[in-house]
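Chain naming follows the written order as A, B and C, and within any one chain the residues start at number 1.
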Amino acid sequence: MKTDGSAGGRTYLAALPMSLWAFLFVGISLLYVIGLSLLSRGEGFGAQLPVTLDNYMRLGDRLYLRSLWLSLRLAATTALMSLLFGYPLAYFISRARPRARTWLMILLIAPFWTNALIRIYGWKILFYANGPINSVLRSLGLIEKPLKLLYTDFSVLVGMVYAMFPFFVLPVYSSLERMDWTMAEASRDLGATPLKTFFTITVPMTLPGIMAGLVLTFIPSIGLFFISDLLGGANTMLWGNLVQNELLKSHDMPFAATLSVVLLALTGVIILLYKRVGGKADDIVF
Amino acid sequence: MSEDTTLLSLRGLRKTFDTQEALNGLDLDVIRGEFLTLLGPSGCGKTTTLRIIAGLEMPTEGQVFLEGKDITLLPPEKREVNTVFQNYALFPHMNVAANIGYGLRMRKVPKADVLKRVDEMLRLVQLEGYGKRMPSQLSGGQRQRVAIARSAVLSPKLLLLDEPLGALDLQLRRQMQSELKKMQQQLGITFIYITHDQEEALNMSDRIALMRDGRFVQLDTPHNLYERPATAFAATFIGETNILDCTVVGISGEEVLLDMSGIAIPATTEDWVVPGQTLCLCIRAERLHYAKKSPEGFFLRGTFKGSHYAGSERTAEIELNTGHTLFSRQRTEQEETVLPGETVCLWWDRKTAGLVIDDREETT
Amino acid sequence: MKKNSFWSSLYIAVIILALYLPIMVVVVLSFNGNTGRTAAMNFTGFSFYWYKGLFDPISGFGTQMLTSLEVAFWSVMISACLGTLGAVGMLRQKMRKAASERAVMKMTGIGEQLAMLPIMIPELILGIALMALFSLLKLPFGKMTLIFAHITFCTPYILITVKSRLSTLEPTLQEAARDLGASPAKAFATVTLPLAAPAILSGSLLAFAMSMDDFVISFFVNGAQTTTLPLKVYSSVKVGVTPQVNALCTVMLGAAFLVVAVGQLISALAEKRRADTTKKVQA
């Protein structure tokens, strides 16, 4: 007879199916990608020995370095723009009446339950030379010739910020909601101006939310390829587009794996940095 | 103790959590039908003992016998023992009737019988008509009664109650104490009750097991525990007690002469007392008297420092010239006006002062 | 103060408007009566023209919709089981364990961390990793690989929601059930599961929405014959603006809002039921 008759029992066994699934489809598949990145290109989609670092050597090429730089710059711009537009939004919503707050949050989140592609497609229509934005501007007499909006860095940035926006607003909003507002009142009471209170109390108190928001917008931004695909046309070669090309056009599995490993490493470094400055892992899962 | 009067026996119970000793070899016999209280400061192992009896925790060593049968390895659902949890643990998604009927349903009792017995139980705990309420709609006292009803409906051989009154306010606590005691007699179930409240323990119990650091310090009736504490810890945990650290100077017949920092104090001896031993003389605060006039017989002198008024009683603080501070609690209607700084005489009836071993410094 | 609240309201209004602008454009143009070459841009009149062809066996989207629904259904069903059991198994336990049991617990602990990874790393990486793994295992790319991939990224959503719900439950509830005579399985079925049910449901709805929406991962693991709706939308939209896609998108938007509304309704009802005085006796 088993000696363990307690209420806890062996419930930990319930996590076994999920764990095995994750070991196979996440753990092993990621390890396999790392392994592939050390092999040479085989026939078709295949890979073959010997083990080599050639794929990593190729990364030194100007083309790849430039793409990496562009991707990181775009991701950083996206995160900063989300901060610039998102923080005031989260702040204003958190200062609204409770009922209004709930509705505003539902209004904010609802679009993101719909397909990202469709929303980006909506921007594509808006940005067309003969699309709604240009039509409105023209009928207002502000421009004479249609502006070139689509297939520019600007349109890609708009699409990125648009797609990443809630991932910034949500953590910041929840840290604003958790904040003890009597502290801001105390600061006013002690003689600080509203602006000074905002920068010495509110911002530092919500810093964990801001950091989580930046990480949550930055990480996915490096790998997104369909936004630049749809809004940036052929001239924007981001890291994600490179991976997609290597895989689907060049059929070079090992090199695509190498590019993904770089992305994975970047993600890891950012998460480590985030934890280093005191961020909690739980704050960046959504 | 004979087999048929003993309901539950614990033998050599030990429990270690990681490296921490929670229980240090417990032996206990619970008599059928009694109200036994496990009393002790938090962290003394009361709850662990209870959880082991319930089967929610496994002892590291030792055995649990119910009616002579070894149930140490039995899972909780197979024991004829039920628990009333500290936070009641009522199922929030079931109404009161469903909560009370839960155990019966698990035993596959026919539906009609379940309804009947739930109704009986609701009547017993004075919650008729509350069957369809959800636990969230009940007051603290009502939840507590549902929790008891839910366990008692199964007519367990033994009911374990883990600080069931802990969450209630003082007035309700007092009321529930007598209700619980009444309920226990009505149901005729053996209760093992946990509390850290000495007053509660003295009020309700047939016997009290005083615990400390995973051991029993004393197992006795409330009266004996109060009047004849076994150790200095027992004396200080229950009631307000003056502890005088003394050395035994000499013994002659019934009498023992003690020395406390140069003051000679006579007392009644115990059979374990030997000359040269250090021990404690304990005097309950309410049994220590003081007055400006010196009494007949033995007394001590001290300086009146001040007093705390508490309605019917007043506790005076008196400092001896050895530096010891003693407390004397007297009824306010008999009090004499003494000003701070005045000298007073202190005395007590020798029968009410007991000798105990000093175990206050012990820690694990 | 008054002035401040005006400007902040205006700011909120402008941002929210910008969030809905692209959606509204798609919806409005889907009812465009203009059937010419500029149909995707110039609104000339109201019509259902573009909806009529949606289920056309050749140019319609019926098959893709069925594929998406089928993939989402199975993925959610399986990941709901994996995630719920996972959350139950991850509950902290007071019990002292034997070395072998501790080893298993350690393994499931790592498993949980791995299970959470899909929603922390860029989707692209998981897509490629799964594609590589599936070709290594020689699995034919198609519905099965799509379902496997979707289970992998749906599970964390359910794990999170159920785990956070379970962590708010008193651990003594399960103990009380055992104490009252329920076996571990019975205690799970009568206490843990009903209390976690709303979380399982809302986690499943979230996972369903994620599965229906997924483009990046599906992009790498789909088969030539199995196209999901988002993949179809992508290939139509990439080449240019095709008016019929507007109609399809509008249908998808409507469905997404419906799922959210149903989810909100269910959790609101669950709240209400909990507070309801006249609940049926379960005995």
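The definition used in the following text is that a residue touches a chain if its C-beta (ideal position, glycine included) is under 8 Å from a C-beta of that chain, and two chains touch if they have at least 3 such contacts.
The structure presented is a predicted model; accordingly, all values stated were derived computationally and were not measured.
Participant: Give me the chains shared as neighbours by subunit A and subunit B.
Facilitator: C
Participant: Between what two chains do the most C-beta pairs come into contact?
Facilitator: A-C
Participant: Hey, which chain is the most central one here, using CA centres?
Facilitator: Of all chains shown, the one whose C-alpha centre lies nearest the global C-alpha mean is C.
Participant: Using mean C-alpha positions as chain centres, tell me how far subunit A is from subunit B in Å, no decimals.
Facilitator: Centres of subunit A and subunit B (C-alpha means) sit 59 Å apart.
Participant: Distance-wise, how many Å sit between the C-alpha centres of subunit A and subunit C, to the nearest whole number?
Facilitator: Subunit A and subunit C have C-alpha centres separated by 18 Å.
Participant: So what's the Cα centroid distance for subunit B and subunit C, whole Å?
Facilitator: 55
Participant: Which subunit C residues reach two or more other chains?
Facilitator: 94-95, 175, 178-179
Participant: Counting only residues that touch at least two other chains, what does the list for subunit B look like?
Facilitator: As it turns out, subunit B has residues touching two or more other chains at 55-58, 75-76.
Participant: Going through subunit A residue by residue, note those that touch at least 2 other chains and give them in order.
Facilitator: Counting only residues that touch two or more other chains, subunit A contributes 4, 6-7, 9.
Participant: Contact residues on subunit B for subunit C in the complex?
Facilitator: 16-18, 54-58, 60, 75-77, 81-83, 85-87, 89, 91-95, 97-98, 101-103, 105-107, 111, 114-115, 118, 131-134, 136-137, 150-151, 154
Participant: Please output the residues of subunit C touching subunit B within their complex, sorted ascending.
Facilitator: So the residues of subunit C in touch with subunit B come to 94-96, 170, 172-173, 175-183, 186, 190-191, 194-195, 274-279, 281-283.
Participant: Contact residues on subunit C for subunit A in the complex?
Facilitator: 8-9, 11-12, 15-16, 18-26, 29, 38, 40-42, 81-83, 85-86, 88-91, 93-95, 101, 104-105, 107-108, 110-112, 114-126, 128-133, 135-136, 148-149, 151-152, 155-156, 159-160, 174-175, 178-179, 184, 187-188, 209, 212-213, 215-216, 220, 229-230, 233-234, 237-238, 241, 245, 249, 252-253, 256-257, 259-260
Participant: Which residues of subunit A touch subunit C in the complex?
Facilitator: Residues 4, 6-30, 32-33, 36, 45, 85, 88-89, 92-93, 95-96, 104, 107-108, 110-111, 113-126, 128, 130-132, 162, 165, 219-220, 222-226, 229-230, 240, 243-244, 247, 253, 256-257, 260, 263-264, 267, 271, 284-286.
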